[in-house]
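Here the structure comes first, spelled out in structure tokens, and everything after it is commentary.
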Amino acid sequence: MRRWIAGLAVLALAAAGAGCGSGDAGKDSGGADKVKVGVIPIVDVAPIYLGQQKGFFSARRIELTMESGQGGAAIVPGVVSGQFQFGFSNLTSLLIAQTRNVPIKVVANGVASTGQAGKDFGGVAVRKGSPITKPADLAGKKIAVNTLKNIGDTTVRESVRKAGGDPAGITFVEIPFANMPAALEAGQVDAAWVVEPSLSAVTAAGGRVVAWNYVDAAPALTVAAYFASTKLIADDADLVERFTAAMNESLTYADAHPDEVRAVLGSYTKIDPKVRAALTLPKWPTTINRSSVETLAKLGAQDGIFAGATPDLTKILP
Amino acid sequence: MILRLSGLAGLLLLVEALPRLGLVADLPPTSRILTALADEAGTTAFWAAVGDTLTAWALGLVIAVAAGVTGGLVIGAVPALRAWTASTVEFLRPIPSVALIPLAVLLYGTSLGSTLLLVVYAAFWQVLVQVLYGVADVDPVADETARSFRFSPWARLRHVLWPTALPYVFTGIRLAAAVALVLAVTAELVIGAPGLGSVIAVAQSSGALPTMYALIVVTGLLGVAINIGARYAERRFLSWHQSVRAEMAL
Amino acid sequence: MLEVQDLRKVYRSDRREVEALRDLTFTVDAGELVCLVGPSGCGKTTLLRCIAGLLDPTGGAVRVDGREVAGPPPGMAVVFQEYGRSLFPWMTVRDNVELPLKQKKIPKARRATLVADSLAAVGLDGTQTAYPWQLSGGMQQRVAIARAVAYEPSILLMDEPFAAVDAQTRADLEDLVRELWQRLGVTILFVTHDIDEAVYLGQRVIMLSASPTVVQDQLTVDLPAARDQLHTRADPRFTAQRTRVYEQIQAAKGRTAAQPPAPLGS
Amino acid sequence: MRRALRLLALPALLFTVWYAASLGSENFYAPPLRTILAAFADTWTPERLRADVLPSLGRLTAGYALAAVLGVALGVAVGANRRLRAAAEPVLEFFRAVPPPVLVPVIMLFAGIGDGMKIIVIVSGCVWPVLLNTVEGVRAVDGVLSDTSRAYGVTGVARLRHLLLPAASPQIVAGLRQALSIAIILMVISEMVAASNGLGFTIVQFQRSFAIPEMWSGIILLGLLGFVLSELFRLAERFLLAWYHGLRDASRS
């Protein structure tokens, strides 16, 4: 039993540590709130880094720390448990969370598709010389997505559907974006839904984009957003308001200053400078395109990723 | 010594030659990996990541060793305790520490605590089990001698159990040190807690292959350094012990 | 039968050289039982390993039946001192005795006979399916002897085989060796550090100096062939010869005292 | 009876404590044990076990077996040859020290995304403890035993079969035991990327879709799996190394 007391002591210590970490949006002497944001270190979150550099957050008494998590699965629990005050996630994941009644809510826009076929930051690409030339050709093929049952496969299916193909026969396989260029090259998959900077790597190797799934899914599709726990929104509405304002300023600034975005990418990613200079940037509007989110919800329901439930947009969107 | 280096040199040459001859795509040659390594070594972010990983490793190891040694001695010294806990130990020990990743994220998000939880869990069992073996290895004659001289329980622990268990404790620490590094990097890689693992993940998602390989080499070198250090410490502290003496003969 | 000529062995490590055997010459005739005796650390084991072909000499030669030894010669069996370590702990007694016979490609039926006979000869009937570590030390050494006997060697080397067993067992095993020798007519070279044992067992005793080793002296044992523990050891001739060997060994030790000790001797 | 009581008392107590303590849990991520158990029964149906656990076990078995064969073969070669050992040791030490999960992206580059990749990931992590333990075991073969074998003409294949492998077997088994826990970890990790079925994939999928009780039920299943495999291993070891345990007990008493 004594060993168990020791073991429990370790666990208790661990829990105590967690307790200390939670919800400590403590103020420092200058009155600034310490805020942790869980982000994925990809192109999409460039505005928050840029906004931090430009002082948009400190001007609103927010002392920002970015915590990088591997995907939304690590960030949502962090936000719910209070490890992070805010988090970044794609909308399909947020919709899934809503159907499960995860206590979170969107507070600011994250990133949006450019809405222009041929000039978006993500698309379905094939290798050089592939017989696939148009979205309808993707029917029955093997396509790589970074995460199964998420925004990638639902929007790709929509592309195929809109082009008159039958998406039912598509096999989706899960591959990290970074491995997609090699997987395409080696013929492990017929096509890959790939985003920047890996998209640049595919086109540099002679690959072609055959479908612009974000564009096909909805005009100016809102892809991802920043969110907070409902508890924080209830407890500290002021902080959330300031964060949203700072975030909106950052988004607007980033949208207007692509060169500075390319420069800030070098600070938190290891993307080669040449690639950085050439890659296609997404759009960073401040408003969430509600109808596009409705489309995502409809697509998700159609593909059965909500396990029969229907997401309630009023509960997840501001 | 020359032989020892020849193996390494051969590997470096092979990695240089294969991609240059076009035999493997996606593997940067040694020279490019080394350049990337030099570039990384010039940044403070790199050293911060190494520091984070080593902090998680060291803290986790210390907690695991302290808990493992205390727990092992207590359980091992009291036969009844040993009998009652055996099944629980046997059940909890093989639970793969990666199964705890979701729990770690829940409790600590992507902070150091996540890494620590995984490291401590994995390393703790290595130490505990070795200490239990060690206590079981106590010479019955020595123990009976101690009892016949009416040693107090504390004196028995101090003069009979502990010296017998010490070599096992060191074996446990050595194994735990290696496992702790693996888990520290894994946690960082999979969860995204700060450290070398998360930098590797960033390098990978940025398509910076030479950097990714350079960082992998760094984790390997850290592991080698930890192994060598652990073995050196073991030899130094246990120079009197049979198993070490036997190893050094001839 | 066995000739050792100008045998020399020097161990070389990175920094130092240790001369274990300096210059050894002696012979053992067919059917003889010869004991080698010397002070502890005098290189007896080195010598024995050279003869068994387990160690290459630095100079000189070992010949068995006129043929120079390079690698373990066929027809030679060895019994080591460390009975616990010379038996395969993962094999039963039977498998231990049988394995060398399998290597000699002896047919199965014949192997079974040899195993049974040799175990019976050393008084170990009924232990075939036991593991060596389930037996006492003396019994384990009997298994090793049975293994050697079953191998049907023409020459048997024994390296201090009884150094690690208790006195009673030791006396029994000594008589067992003499009995087997007389019955099988095998040539035996018996290495020991025990002077009494050497004189009691041997037809001839070769005394070795301390390391670096040379032959100090030789003595033909003047005792009847039929020996027993009680009477032979009480025989005044036994005492006289024992005293002579003892003096030579003491002389050999005295010689070393003037020389620096050799750490890698044995 | 007493034995059964001893075996079950503490686990039952802990289970009860968990059950009681979590009964009223409001935390989204730490649901009551009752909910988790209900989810367990609903989730791990025979079809689910066939579709997800079976492929995992298949990869695990293939990778583990391959690592065992490879590790023992290379270990014997390296352990029995001094020069080879000197040349290979630094390289082996290095590869052993690389945390296997960081190799997942690298292996994916070379081996693609199929079962082959997952098996290679398992092999790449498991082979080292087996290999290095085999090297140690072969190197530490008792000198007297080795001499005995040579003196009695036990050479070549017979030496390998009757001397080197059995003598090294306690160490080899120790290596295999370490490898088993690594294999389970890597099975899960390899399925966390680029998989479409398997236990690791399913757990991650539950986590991503916020099916938290289901996720916990998967973790419990993973724990049970680890436990069952290590018990199987113990049985196998007790059978294979009966001589070794007997020898140790004999030398101790």
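Per-chain numbering from 1; labels A, B, C and D assigned in written order.
The rule we apply is simple: a contact is a pair of C-beta atoms (placed from the backbone, for glycine too) under 8 Å apart; a residue touches a chain by one contact, two chains touch by 3 or more.
Being a predicted model, the structure only gives us computed values, none of them experimental.
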{"item": "Contact-richer chain pair (by C-beta pairs counted) among A-B and A-D", "value": "A-B"}
{"item": "Gap in Å, rounded to a whole number, between the CA centres of chain D and chain A", "value": "35"}
{"item": "Intercentroid distance (Cα basis), chain C paired with chain B, Å", "value": "49"}
{"item": "Centroid distance [mean C-alpha coordinates] between chain D and chain B, Å", "value": "17"}
{"item": "Set of chain D residues in contact with two or more other chains", "value": "10, 14, 29, 105, 109, 207"}
{"item": "Contacts with 2+ other chains: residues of chain A", "value": "4, 73, 77, 81, 176, 178, 182"}
{"item": "Chain pairs that touch, as defined at the top of this document", "value": "A-B, A-D, B-D, C-D"}
{"item": "Parts of chain B lying in touch with chain A, wherever the complex brings them together", "value": "25-26, 63, 67, 70-71, 74-75, 81, 84-85, 102, 105-111, 113, 116-117, 120, 124, 189-192, 194, 198, 201-208, 211"}
{"item": "Residues of chain D touching chain B in the complex", "value": "6-11, 14, 29-30, 83, 86-91, 93-103, 105-106, 109-110, 178, 180-181, 184-185, 188-189, 192, 200, 203, 207, 215, 219, 222-223, 226-227, 229-231, 252-253"}
{"item": "Complex contacts: residues of chain C adjacent to chain D", "value": "49, 52-54, 71-72, 74, 76-78, 80, 82, 85-86, 88-91, 99-100, 102-104, 131, 133-134, 147, 151"}
{"item": "For the chain D and chain C complex, residues of the former touching the latter", "value": "142, 144-145, 147-148, 150-155, 158, 162-163, 166-167, 169, 243-244, 246-247, 250-251"}
{"item": "Of chain B, residues touching chain D in the complex", "value": "3-8, 10-11, 24, 26-27, 83-88, 90-100, 102-103, 106, 140, 175, 178, 181-183, 185-186, 189-190, 197, 200, 204, 212-213, 215-216, 219-224, 226-227"}
